[in-house]
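Here it is: the structure, laid out below.
Per-chain residue numbering starts at 1, and chain names A, B, C and D are given in the order in which the chains are listed.
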Amino acid sequence: VLLKSSYGQVVQKAITHAELKIADPTKVLGPPPGALGTRSKFETPVKKASDISSRTPLQDLFGTITPSDLHYERHHAGVPVIDPHSYSLTIHGMVDKPLVFSLADLKRFPSVTRIFFVECSGNYRGGKAEMTPQEICGLTSQSEWTGVMLSTLFREVGVKSKASWFLAEGSDAAVMTRSVPVNKGWEDAMIAYAQNGEAIRPEQGYPARLLLPGWEGNTSVKWLRRIELSDQPFMTREETAKYTEGVKDGKIRQFSFVMDARSIITYPAYPQQLQKGWMEIRGIAWSGRGKIYKVEVSTNGGKTWQDARLQDPVLDKAHTAFRYLWEWKGGEAELLSRAIDETGYIQPTMKQLTDARGQDMGGYHLNPVTSWLVQRDGKVLFKSEK
Amino acid sequence: VLLKSSYGQVVQKAITHAELKIADPTKVLGPPPGALGTRSKFETPVKKASDISSRTPLQDLFGTITPSDLHYERHHAGVPVIDPHSYSLTIHGMVDKPLVFSLADLKRFPSVTRIFFVECSGNYRGGKAEMTPQEICGLTSQSEWTGVMLSTLFREVGVKSKASWFLAEGSDAAVMTRSVPVNKGWEDAMIAYAQNGEAIRPEQGYPARLLLPGWEGNTSVKWLRRIELSDQPFMTREETAKYTEGVKDGKIRQFSFVMDARSIITYPAYPQQLQKGWMEIRGIAWSGRGKIYKVEVSTNGGKTWQDARLQDPVLDKAHTAFRYLWEWKGGEAELLSRAIDETGYIQPTMKQLTDARGQDMGGYHLNPVTSWLVQRDGKVLFKSEK
Amino acid sequence: VYTDSANWPASFGLGRPASSSDIAKMDLDVRPDGKGLPVGEGNAIAGKAIYLTKCVACHGTDTTSGDAKLLGPVLISTKPGKGKTIGNYWPYATTLFDYVRRAMPYNEPGSLTNEEVYQVTAFLLQANKIIGEQDVMNAKTLPKLVMPAQKRFIPDDRKGGPEVR
Amino acid sequence: VYTDSANWPASFGLGRPASSSDIAKMDLDVRPDGKGLPVGEGNAIAGKAIYLTKCVACHGTDTTSGDAKLLGPVLISTKPGKGKTIGNYWPYATTLFDYVRRAMPYNEPGSLTNEEVYQVTAFLLQANKIIGEQDVMNAKTLPKLVMPAQKRFIPDDRKGGPEVR
């Protein structure tokens, strides 16, 4: 039935995609413009959730931006509900003028927008052949973040010259805390209130969070309510009992903040079924120490390596898409990628990591080269090193 | 009630944000990690829909990426439902080898990711003081697009040297068609299948669309099913009866593809209520002819102009965030911004446009400087020039 | 700029050849020179009957009140100042055939036969005083029509730089 | 790199002064030197009672089977090879007070009084063989404890460049 109305009005307001069974879409009017777009019903990318985290479906993504609702999650006591009108950020301790900022205050300061990744330092899983990129290292995601530089707020409160660390505290039920060297605060720490063009999502710290570009995700405290300047670290549970890793001689490495360079091939990868012919091997590479300088790809298990093409612009501390043309003529193959960052760091193998750190290195800061085995029948399997 | 389970499991799986009434979020466990993130219930950005289009809420956005579900919509017969498995793109006409590509085929070709805006050439509304940026010019949005360059497909089908135009045809119920000079195809046209990291949304052309960076949105045919190479334009309805504009002496300007440089202040803007003190005047600037070279801001109705700060990286044919620090001490003010692109084009006033094109210039390609009147009481109103 | 094809194979071997019948199935366009026009023909008298059944509800007639809320734009008007219409704005008659065939009637796009499209095209041209009631529109005659507005169309003269155009 | 503060005013005048009571309300942290520890005290005997009421369901006891599916990590274990526990991994006793006060019990975080936190902290330290049953934990004694694992902690020595560390 047609509704008469002014120019151009269309009529099936109530019909959803799912109800439409379209033989020839050129013959049937579709739904009119709406208030919010949708995903195609043929596309259902989802995070893979455990009790304590959920992982970004890297194998389903293109380019470098992670859709906000697919950003990985890691929280220690669930996602708090925070009313933006009662939200505040208090900065105190070794400062001249302790101040309380409302969200509106934060938004009036000079702002900055920057694309970079956030990665959990526990971002490695192995152990079987049937693993997707999401399962192996889906605890990394990238957004366009907007907020105020922490240095701008430091200037406002007058951070004392003797202050060497600050405590960042969240207002989730874990009241999450981490100690951060003041230098990082002056350098490039950001208090972000927006993500990918809109208000930051609750799972990512709504209404405002700390962001320490290139550093392990846990330090980028979400739902940030307080910053205390100090002349020593606070030795919170997360920086002592957690997020530290065994190294040789029974030692435990602490304050291992930076995420080392890494890459993963996301196509082809398990569970894709390969077809013969030309294709583009694709993946992402990133480094917490700066820009990706180069990504090398091997299709023969590391015997020879070729340079992949990097997607411009290559940004600092950002997921960088890489691409490499390959013709699969059938037969077995082993696909690897390794990232090299601008410091000259070369993504290591698992063996190199174990050699350097010892057998008790635990699960943090593991960034081994990932290897995919292509079988004769086109099956692609993860070659787990553990 | 607690559910016993393995390490770290939390318990309120069924409780949604809306049900939670949190006094102190540090005292209540939140919901655990999930398969898809959500918007905060305190944030409800929406597109403003008419019968034929819906507009991006520019005043609610930060940075430069438009969340995919807030991308503006303009379609001529609704959003078609297209099964990606039966989708195909046929390229024929003046080519050596007419070919039919499946979506899977398109995705195997060398791919490219690029951030740029798409804008409707009818993107101007005026007429009253109570208008938001969304209402004035919300028919522009920006995404990170991924796809195959049309030049790559041209190479594959062997476009004949005499071909000078191509027809792009959609598979919506309007079977939308536009003629495009072949040069644009070789230069930077893209067949995109992904947007902001994931499959392109139905409203933006799922599963694949043409994208002509910097050109009026209508030419970037969505739901692309066919490209025909020709030695002349096809003179479709959209490039004759529509998307043409009257200029002086009764003439009608046709094939006016490029979107001229433009900017708009999105904060402060109607309906914001200004508070005295320092703030950042913010907006976006863009040009279909290349990079934004400069944005100038005036706070006194155009008497004096200052350079705004541009957000890095400044990308080609891309929404570029600009920022300018301003202290409102009370009293009246008039805020303006003007974009200057790398060709030296300076965003004109409405009067300059009318002077150049005459009174019958119609509603396409109107990019006048936008002016906001700040009243004594802090109200911000649009100063409509028409 | 965006592709470095130096190491590409001559062909990626992707896609399948498009057969003539593949193409014919979707090759819907009509060019100003008549390329794409199908066999068949029609005149305004036959077209009027179709228009009054399938089009008038949304597009009205010359006697429809200017205040009427129509779902579609006015197609028939001899009144001056009626904005962009077929008679005063459309540069090519072939466009009318092409557009009606692909997109109209709005609620049942693609439902008209080629014959019906010729007929209703003839009717709209006649109602807009381009042709007479008896004139037959077909693949030969339609491209020959010179529309009143055609001479008004000029190519885009904007080119960047300081000048506003 | 990201801010050009050349033309900034000395202060943007945004935010309001934080009063001592504003700060006191949320100043929850405890440093290794004891800064932040509140008045109050407790010993392991009192702490055990709390533990058995409010903690044991999720954390078990030394006799809990290794196969038990616990909601929380094992806190008390004298068995070797039990992974990272308070006795063999935690470098500072103050961390225990700080963490329990802010985050435990998991289902009712922030519900313990300072006195209770001292008590349960004492119990966990005693159960992990750091202190005796009668030792009183308070703002004076707690920072003085030297935890067995403290000497194992070293700063990060990774620094980019070709060497894998």
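Just so it is clear, a contact is a pair of C-beta atoms (placed from the backbone, for glycine too) under 8 Å apart; a residue touches a chain by one contact, two chains touch by 3 or more.
Quantities reported herein were computed from a predicted structural model and do not represent experimental measurements.
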Q: State which chains count as neighbours of chain A and simultaneously of chain B.
A: C, D
Q. Is the C-beta contact count larger for A-C or for B-C?
A. B-C
**Q.** Interchain centroid distance [CA atoms averaged], chain B/chain D, Å
**A.** 50
Q) Between chain B and chain C, what's the gap in Å when you average each chain's C-alpha atoms? A) 28
Q) From the C-alpha centre of chain C to that of chain D, how far is it in Å? A) 75
Q | Residues of chain C whose C-beta touches two or more other chains | A | 8, 12, 14, 102, 106, 109-110
Q. Can you list the residues of chain A that touch 2 or more other chains?
A. 5-10, 26-29, 77, 108-110, 112, 173, 175, 277-278, 325
Q: Determine the shape of the graph in which chains are vertices and touching pairs are edges (line, ring, star, complete, other).
A: other
Q | Which chain pairs touch, all of them | A | A-B, A-C, A-D, B-C, B-D
(Q) Quick check: in the complex, which residue numbers of chain B touch chain D? (A) 2, 4-11, 24, 26-29, 277-278, 309, 325, 327
Q) Once bound in the complex, which stretches of chain B touch chain C? A) 76-77, 90-92, 97-102, 105, 108-110, 112, 114, 149, 151-152, 155-156, 167, 169, 173-175, 177, 188, 225-226, 228, 230, 232, 234-237, 240-241, 244, 247, 250-258, 260, 289-290, 341, 343-346, 348, 352-353, 355-357, 365
Q. Of all residues in chain C, which touch chain A in the complex?
A. 4, 7-9, 12-14, 57, 69-73, 102, 106-111
Q. In their shared complex, at which residues does chain C touch chain B?
A. 1-3, 5, 8, 11-12, 14-18, 22-23, 26-33, 84, 86, 89-92, 94-95, 98-99, 102-103, 106, 109-110, 149, 152-158, 160-162, 164-165
Q: Provide the residue numbers of chain B that touch chain A in the complex, in ascending order.
A: 5-10, 12, 17, 20, 22, 25-43, 45-54, 60-71, 73-75, 77-85, 108-113, 144-146, 171-173, 175, 193-194, 196-199, 201-204, 206-207, 223, 277-280, 282, 311, 313, 315, 321, 323, 325
